[in-house]
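Structures given as structure tokens follow.
Presented sequentially are two complexes of subunit A, the first with subunit B as partner and the second with subunit C.
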Partner chain A sequence: MGLFIPHIYNGEAISLSSVPVVQVKPFRLAVIAHVAAGDLISAMFAQPLGDGFRLYAVLCAPLREQLGIIATDVADSYPALTPDCPAANGFEREIFEQWGIRPEGHPWLKPIRFQPSRMTGQTPAVGITEFFSMEGGESHEVAVGPVHAGVIEPGHFRFLCHGETVFHLEISLGYQHRGIERALAGGPGGRTIHYMETLAGDTTVGHAAAYCAVMEALSGIQVPPVANSIRAIAAELERMANHIGDLGALAGDVGFLPTLNYCGRIRGDVLNLTAMLCGNRFGRTLLTPGGVRFGIDPDRRQRLLTRLDAVEKDLDTALSLMFSAPSVLARLERTGTLSMDLARQIGLVGVAARACGLSHDVRTGLPYGAYRFDSPPASTFHSGDCFARAYVRKLEVEQSIAFIRRQLNAPSAQNELRKPLLPLGPDRVTVALTEGWRGDICHVAATDHEGRFAFYKVVDPSFHNWLGLAFALRGQQISDFPLCNKSFNLSYCGHDL
Partner chain B sequence: MIYSLLFVFLALAFAPFLMSVINRTKAFFGGRSGPALLQPYYDLVKLLRKGAVYSRTVSWIFHTAPSVEVAAVLAALAVTPLGGIPALLAFPGDLLFLVYVLGLMRFCVVIAALDTGSAFEGMGASREVQFSALAEVALLVGLAAVAAKVHAVGLSDMCREAWAGGMFGENGVTMLLVSASLLVVLLAENSRIPVDDPNTHLELTMIHEVMILDYGGVDLALIEYAAAVKFWVLGSLLVSMALPFRGTSQIGNLAAGLGGLLVLALVVGCIESVMARLRLVRVPQLLVVAGVLSFLALFNVMR
Partner chain C sequence: MLRVLRARLQQKHRTMGFPSGPAPEMPDRFAGRPVIQEPCPGDCRVCRDTCPVQAIRRGEDGRVELDMGRCLFCGACSEACPKGMIAFGPDYQLASARRGDMVVSPGPGTRAEAVSELARKFFSRSLKLRQVSAGGCNACEADVNVLGTPAWDMGRFGIQFVASPRHADGLLVTGPVTGNMLLALEKTYAAVPEPRIVIACGACAISGGPFADHPEAKNGVDSVLPVDLFIPGCPPHPLTALDGLLRFLGRPVPDCKKVI
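Showing the complex of A and B:
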């Protein structure tokens, strides 16, 4: 490749001036070459600088256990990366809509979140844009949403169909845009942690952990081991609760009621375990920059272990029903298949990527916190279909249970829960990656001269994966869409921010 | 005659109750206590007290369809026997009448769905027509096989004579084949699992439910009630074919028939609890199997 992007570690802060700034051409070539070699684009964004803009790319190289950050200066346009590197698609659309920087040659340049332009302040009407269309006999379009039949978040789906077969699905989001990144510039403040915890409500611990890692890196403190352990327990409980809920919902979507009913209840039991940690079923208020707010006394430790045993036993019954019913397997197998190659090209992360056979998992690839000492192995399956996404969830739940047990059975002699936070260092930048239950959560933050956030960039795993859902639907039956959708179970608000 | 009338009244009163039995069975398998036994009635009362909202694109077809559906299903009920209990109206060839009255009912649902101009309802209508075209063959041929076996062309005569030879008599094979076929037809026509999922909220996967999405209030109550009576009608036919018991007293026949309907509801509930719904492209294969069973029965009779 000949182009080397200097590396930083997950959760390491470096001086903003040490980020290499290169010409546009080497920047493009470096990013494209690294992605072709197996790196993921964790974040790509622009910040105003003088008359022009500085374009940052954060790459994650799971095989080398490294992160890379590189920047370039652009005026109002630059040659797009997307034609050579489809994973940049969403990021370039975002940069275009925020700052009006035109990626020349981008194949489908249109708003992604319909957020107000940072240059003009104008807000486009959400969902009003161009869509693909198809003509011919028996071809028809089906528009679903933004208002859906279930109690779910808003999003617009357009199916180009030929009879019952889907040719292409176009997904248009942005209905949940709240302007979190704009609100964070100039921070942090008293509300910041609450923004993080509700950024994607079902990933409270995942996003809060990434935010805490950012704060701790910028202020240069180390978290006590007990706090790291409790954070990891909370993160695994969150993963379990969501995976179990998803497995139940998958069973429900194919009309298999026993697993639906049992998993709904077991998910509640797991949420109650999180409530035992901190008093909130979603882990809100548990994490705080510097450590955690609540410890686990020996009595509660024992009760957690006992109830975890009960959960494991019930879950085994519920899931073995589902995974041994031929009618369920017939629905899941070969539905919504993505190839490993395609998954790599569009930069899939998390469960969806591991279900295609990719072994990337932040907990093992770029370990942080308690995972540095004990990282659950990455659970993968090769078939890339709805079955694989269900099966990987099952495997991960089993690994999470084992992990939580190991953490609870190894009590520490120390009992310090949090370190006081020091003022944030000025002109520094840091990248924190955590493995939320959906996949990579990336937070990038930089401070200004006074140690306040110059910018704060959040990338939820859903941002990478929505395109994967669109591709999974190609050539499928439109009646299988709900099943495919549930097997990805992506966040609307995590994408829209 | 008095028992035929009684049967019709029982059907009108207890058709929604069978839905409740199915729901409670499913709840039992799922470890839930399930909805109240009278929930379908509460729902009907609730709907009857509600107003309706109509889309501006719909015409008189949409407004008329629910009434025609109820009329059609009541006509079907009038010619439906239950085991040894003859139908209120019996005439030669009433099996064709029954099939086509149910066809009329379906026709109304489908054109009312198309009348709304919604993409969802159009898809549902397309699926309904595709599947019922196959289900109708299975039903008609199955009934033809029974007619040929017992040398009668009236439903009431056919059902009375169905097990004339006793439980191990020569009619047994035909009746078992036809019963198996009718069970599939019953599941498909009443949009039950494995063909359709009556509980789903996912429009893209629905068949029957998606076609009535635009209805509310009294119209929806009529449609729901008609659907329950339709289950009773097809269920009665199936029980008549499958129940190898004909008593000498009419009251015994009625009790056996009603017991059979209850068991049928339990069986449907069990089927829905232990298996997932079929992939939509597999549904025609299931219906073709039902058709093949019916044809086998017919060939067996005519050989």
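Showing the complex of A and C:
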């Protein structure tokens, strides 16, 4: 399988100089071969180095429970990977947009988030780019956004249609770009944890957990077990709240109002459980590098368990209603279908990938924190359609409830919540993956000679998955867009950063 | 059909009594209105230097002032204060019609006025809002959306989110206003018929929040549009938002008496 890429563990820090730097050709071949063999590109990015740039690729090998990191030095161009490895598409567009490095032979270097160039500071006018177009009788385009009809983030969608049938969907994002990655370099500082908690606000815990893992790796400390358990409980509550909200919204999109209304409320009940942990419904302020800021006293433990029972009971009727209604199933089944093969090729992650039958889940494949001792089994389904994406969510919610119960029922005798952080080691690099409710969250950070962040790279699961939504729409009715969109429910702010 | 009815019975009626009945119970660790004590030693700057978003300063008279419009309610200042002078209480009534009224000084503190004469006159029984996300993290949107669920049911008060700005009485804006959303926000505002109002929801929309002073974004909505109501929080608790909206419209709400 081409060049061997040395592995590191999830959340392990190594010295920056031990990252193998190879020629461009073996770099390309290694990445392409590994991805062809089933690896995911967790991150691929450039950093300025001397007169040129260093290109890094972080690969995740789910089946071997390993991460790999490899680098190459380039001037202002290199032969693109995308033609041989479509999963590199988004990354190469980003590298071009940020640094002006041209991946030669890339099919179409469209702007990805219309962000200021890191070299010149120039910002391209948002949304102004070339799109696919279609000509012929009855062919037409429908453009929507950036401001959409609901209470939802901004993005621009362009449907290329023939009659009612969508031939292709163009997705143009960047409206939420607020410069987080740029601001992270040189840190950590007072705002760093807040950037992490607001990368994607509905994934506060998922991203904060990855950040904490980065900090703990770079400072070489171990988190107390209680803190790991509380982090995992919060992460599963986050997964539950979002999945339940999505299931309700899917029911709403097919006109099945009982489940829409019940799930809307139950989602709120779950957010309130998170607020019981830390006062904030999204888990803000709970995680801190070194541990957690709030513990679970016996009384709180009992109240959490009682309310979890109530949530489970309410959810059971709400969901069994939905999943037994033929009118719902008829709309979900065979709508927005992706094949397992395509999912692999474009590097889909998380719920969307597991709904295509792929079993990758960071909690089981590369376990971290409390998941090292108790990882919920990866929930999969094979049909790749809206039904599968709904059903996998249902399975995951059930697993999350069981997991939280196990954690709460096994209180630890220790009660240390956090360890003091030590200064970050200089010239080190680390990769931390967590399983956010949408899928793989990847943070890659390196320190300079002084132990400040030389760079801090964030890859939200949505970055991998937006293209999946575009493909899911092909050959569908345009009226199925809301349903397909909701079945992915991707993050704009997590993509745009 | 029978299953649907049985489920309906089991799920019960869950719309809260608020505002005629009691407010829903808030979590005991909830961080609401800050309560600042006195006196602070003259040269202490610990809270000011700790705050990640420069929400704290010492006023001309030397008293500590905390701007809820900037605050993320992270508690870092109260953790850092060597004398325990700053705490975050259970008071959720944080919304204010004037930007300056969100600055909290030492002492018991009074609730800021949120009522808008315009809103009370034209929209008190029907307020249709177009929501615009202009940066931010989507948490404000998520918890504003909650107000439409059966438990909160803001439709009871005639408050509703609508799909088109042309059907709206005003905008509810979240996020610091990124450069990439500026034009879209301005165009959406222009499409709302007059008289119209603007609500800035969350720390980002009020002051830029964690992204304050980023060149990629503005420092909040009022640098672009006139704002009629500010709802602090990161994100604001739904109760803070609903209470603020009701007071904005001049509708009665219970007074949150709990002050620590």
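We adopt the following convention: the second predicted complex is superposed on the first by the 496 of 497 C-alpha atoms of A that agree within 3 Å, B and C clash if a C-alpha of one lies under 4 Å from a C-alpha of the other, contacts with A are read in each partner's own complex, and residues count from 1 in each chain.
The working rule: a contact is a pair of C-beta atoms (placed from the backbone, for glycine too) under 8 Å apart; a residue touches a chain by one contact, two chains touch by 3 or more.
Everything quoted here is computed from the prediction, not taken from an experiment.
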Partner chain(s) touched by A:Thr447 [first = subunit B, second = subunit C, both, neither]: neither
Which superposed partner A:Phe114 touches (first subunit B, second subunit C, both, neither): second
Touching partner for A:Glu164 - first (subunit B), second (subunit C), both, neither: first
Which of subunit B and subunit C A:Met276 touches, first, second, both or neither: second
Subunit B versus subunit C as contact partner of A:Ala149, first or second or both or neither: both
First (subunit B), second (subunit C), both or neither touched by A:Tyr262: both
Subunit B versus subunit C as contact partner of A:Thr430, first or second or both or neither: neither
First, second, both or neither for A:Arg284, with subunit B first and subunit C second: second
Touched subunit A residues, subunit B compared with subunit C: C
Residues of subunit A at both interfaces, subunit B in one complex, subunit C in the other: 149-150, 258, 261-262, 265
Parts of subunit C lying in touch with subunit A, wherever the complex brings them together: 3-4, 6-8, 10-11, 14, 27-31, 50-53, 72-76, 130-146, 148-152, 161, 163-165, 175-176, 178-181, 183-184, 188, 209-211, 214-217, 234-235, 237-238
Residue ranges of subunit B touching subunit A (in the complex, touch as defined): 26, 29-32, 119-120, 122-123, 127, 193-194, 197, 199-205, 272-282
Complex interface listing, subunit A residues touching subunit C: 114-116, 123, 126, 146-147, 149-154, 174-180, 182-183, 189-191, 194-195, 197-202, 204, 245, 258, 261-262, 264-265, 267-268, 271-272, 275-282, 284-285, 293-294, 314, 317-318, 321, 324, 491-493
Contacting residues of subunit A [partner subunit B, same complex]: 140-144, 149-150, 164, 251, 253-258, 260-262, 265, 325, 327-328, 330-331, 335, 477-483
